[in-house]
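You will see two complexes here that share chain A, one where it goes with chain B and one where it goes with chain C.
And now, the complex of A and B:
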């Protein structure tokens, strides 16, 4: 455990609190909770300490291969190590910074953190005894229990865990074809070359992009500050038609841009518009209503059913595919009017354009035997076991699990997966079930967060005894100070 | 812990040496390799020299020679094929299905390879 890090975060938090005339204890009381349990999201440091030696470790011997060493893969490796007597675990991961803290990218993009705050080295988080193979799997052969890597290694396994994550499909957007596909971390120079150094286009979906978003944001806030004669600087935000990593992020960056504009006194010279592909703000009706109220309060504009299909970087034009329905001719059989779907391309000029790219499964997974038509790895959504290959499990962004593409989901999934994998190895039925829990700390301003928690019941499932629809400063404190240590030192050690 | 990681990395390297040659697959974000793509996807029709003619006895297929084409214009044409805006000699759909998984970077590398190596 790295207490030094947690302590330094806590003292930073105290500083922030004291400016508001509060102590940490007051803040905890405000949350209706006691000290450490709030900091660690329910499991206190002491409890984690006691947890060091689990009561019973399974004695089954088997070679477990984990493809992908991000948050999901590494946390699973750590928890397996804690629960097996003789763990034989191999993680295949080409990226040296695979465990970087992605939820922090929004905060980097708003200038609250900087790039160093979210960059973490894979090799510092490898559980003892776990083998790391720095290579990329390009072929899955589940019939023969083998995977092949780009360097030509053929690796056998008894049990396979697929946690490759997803790819950001920028090349689908006309005008950005040469951007290619990207991962959140790693070398994304090709993407940024395609977007241009100073084009007003940005995306917080890559770590490098988050830093660039902050540069661009400052520039256009400055422009808004100096705008005259009622000129409005246009800030556009998109949300694509595919499932995406952290569904709240496209809005968080909008709220944070708004906060920075207000801070600069330039809000009246700016127009912020959201273009979601869908017809709602959020999949959960309660949160949808709450967000709509926030949009009205902050004087945001929004246009539903607009999908970003192209950009003209030279002319600063975003091209959206706009869809709508019209009343058609009367159908005498149905005794009603027909509904005709229509769509057209519309061109919208922008100054600042934040792109949330389509998310796709990596081709090597999608087109292999373990993939599916939609690309994602088809698993039983509750047990996380592959529907065809019983010795294959999957979790994280790549698993075909509804609403599951967040770190908060992984935090529940990896425990379920480890329990079920061990049951399966011991020949017992799989009893642990994932309930679809996911969490979105929706940043609505610098200093307030609405903690949207929900599961497959499609209703708010709050962890705290507080109204889940209220934006709170205390959840801001949690997002900015507590969630990172919990993720980096709790989850990645297999405990929280 | 660091020692263990180091050991694991070393073990990984020896394993790699034993297994031998690297394999290439387009469209999976590996560094673009024009030669590998040509041998994987193009050579069946266009041949090693870029001017293949296939005669099965029943049918005779003549492909347009692609040897020595200019890299830049070839890359542009391949990109047009990829997005389906070109359909020469009725091969548009086939070319599109072959190219659809390649990134722009890989198409550039492929065009470069054809123009410099297929004479």
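And now, the complex of A and C:
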């Protein structure tokens, strides 16, 4: 790490901020990044604790069961223990590494971190007094306030928090039917057997897949380095037709592949193409425009409205469902032309194919009474209370909240949920509201990040008084150095 | 000033609207004209103004649909300002209507992953509720007690 460069960058940032009348510490505090001890100096976690208002703990007693012990479930458990005098909290989670740091998978896939940097053991983060059951819930019975686990335990609750996370639906892709459904962490050997060891197919959406992505990326960068006679190595990146974890991640891995190709001097022998299912690069118009400019600058190709539906592994062909719209007949009542949707399958050869799979709700949730028709847990998007069962709350990837499925969303949601759950337990109205805030540090190169922050307003909502559309080194530092400690030691202790 | 009105008739049993293809002319008084000019670019505010105007409702009851107490109607067009999309929206409707409702109902998406059919269905669910607020019921006048 070039500390001289960092220091000059920090000085530049200080200059920018001072024109807005802020110090770096104020800005970081505003962004809620007091865990960023790297930038602040000193023990900022202690400072954060000092800044926190004294908590008046609620004396209400109830048995709370949390299904899912990932970042959302464990952070919620931790915050509940801080806010209840006599916490009776049980977390049901089968995966020993459920709290592993998923946002780091992109960095592992680009060879910036290694697998050990993101692997964390669940049992090291269990809040004091919280009981862990290492099992999987396979049935929800909200009418009788019970859940049943795979090992046959029937567990009663007064209040239920659903934080199971989502599943990655690789088996939906023709040619990968044997891959099954995967979780981000845990044993995904079935998936990797179906993909093959050296097929050029990879996905950063699992921890193991991130390591394999780096292996494959290096191999095809080498191929590009040695390409002759104008041959171009084809790097394809997909974005599916469902909500996904971190909507920016498919682009991040594309940008990082581009950075590694440039570093190897092989960029001119490679073609990088994005196949998004939708018709834009990002749901927020300002970020869409900025990304499009970046795509043009980096000479990326893109084809909107293409959904990956199949792969021929042996022939190295990706099959996309290409969709478009045509002008239909005139509707005399509406006084306008109708829109006719059309589609056809197209076959695209690839060397390196990065798959972002469909994200789906686990079957045990989707098919139970607590799941909606779409599978996700239907909650009031502001209070996070189940729309039908008032003693059930949900957060994180499984909650039916129309906003990004990211750790940044969870960081806002878990505090709202705990406040509202305790209010409900005390018979008070639910006053805490999730404002839809989410954040996506969009890595655009090794060393630069555009910090995409937004909420229900679907407008950029920057925490820093800086132009949110500019790619900055400081946000790269934040992504690489500050966010992980804040997540692992701030959120998982229920404080940040 | 005269304003052109077109209406849709609401069939409660079928929860469906049918276009009344006639054009009706309504004379605005000076005060109404001022309000009309102020609200003509304000979409549903203009609708609400007429919906709440006693003089307007009286005109409908006496001249547009006389002797049809109990009938439920909705305004389709006021001059060139159209509200038809509320009653006749389909998933295949033109992009302008589709985008209008996405904004009106705050239908959010994270990265354009939702396809037209999904969003269209969501819009229709919202419309089931919204349409009810636009319906004008022709009620019998309440006789004032002496």
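The criterion applied here is as follows: the second predicted complex is superposed on the first by the 431 of 496 C-alpha atoms of A that agree within 3 Å, B and C clash if a C-alpha of one lies under 4 Å from a C-alpha of the other, contacts with A are read in each partner's own complex, and residues count from 1 in each chain.
Here is the rule we go by: contacts are C-beta pairs under 8 Å (C-beta built on N, C-alpha and C of every residue); 3 or more make two chains touch, one makes a residue touch a chain.
Bear in mind the structure is a predicted one, so any value in this text is a computation, not a measurement.
K.L.:
Quick one: is A:470 in contact with chain B, with chain C, with both, or with neither? Answer first, second, both or neither.
P.N.:
neither
K.L.:
On the A-aligned overlay, A:153 touches which partner chain: chain B = first, chain C = second, or both, or neither?
P.N.:
Only chain B is touched by A:153; chain C is not.
K.L.:
When the two structures are overlaid on chain A, which partner does A:346 contact: first (chain B), second (chain C), both, or neither?
P.N.:
In the superposition, A:346 contacts neither chain B nor chain C.
K.L.:
Return first, second, both or neither, reflecting whether A:171 touches chain B, chain C, both chains, or no partner chain.
P.N.:
First partner only.
K.L.:
Classify the contacts of A:328 with the two partner chains as first (chain B alone), second (chain C alone), both, or neither.
P.N.:
After superposing on A, A:328 lies in contact with chain C but is clear of chain B.
K.L.:
Applying the touch criterion given at the start, work out whether A:276 contacts chain B, chain C, both or neither, answering first, second, both or neither.
P.N.:
second
K.L.:
With the two structures laid over each other on chain A, which partner does A:403 touch: chain B (first), chain C (second), both, or neither?
P.N.:
Touch partner of A:403: chain C, not chain B.
K.L.:
Under the stated contact criterion, what part of chain A meets chain B in this complex?
P.N.:
123, 126, 128-136, 138-139, 148, 150-154, 167, 171, 177-178, 180-181, 183, 190, 362-364
K.L.:
Give every residue of chain C touching chain A within the complex, in rising order.
P.N.:
Residue positions touching the partner: 19, 82, 84-85, 88-90, 92-98, 106-117.
K.L.:
Using the touch rule from the top, collect the residues of chain A that touch chain C in their complex.
P.N.:
My answer: residues 239-244, 247-248, 276-283, 323, 325, 328, 331, 333-341, 402-405, 436, 438, 456, 458.
K.L.:
Touching residues of chain B toward chain A in the complex: what are they?
P.N.:
Touch list, chain B to chain A: 1-2, 4-5, 8-9, 11-12, 15-16, 19-25, 27-30, 79, 83, 101, 103-105.
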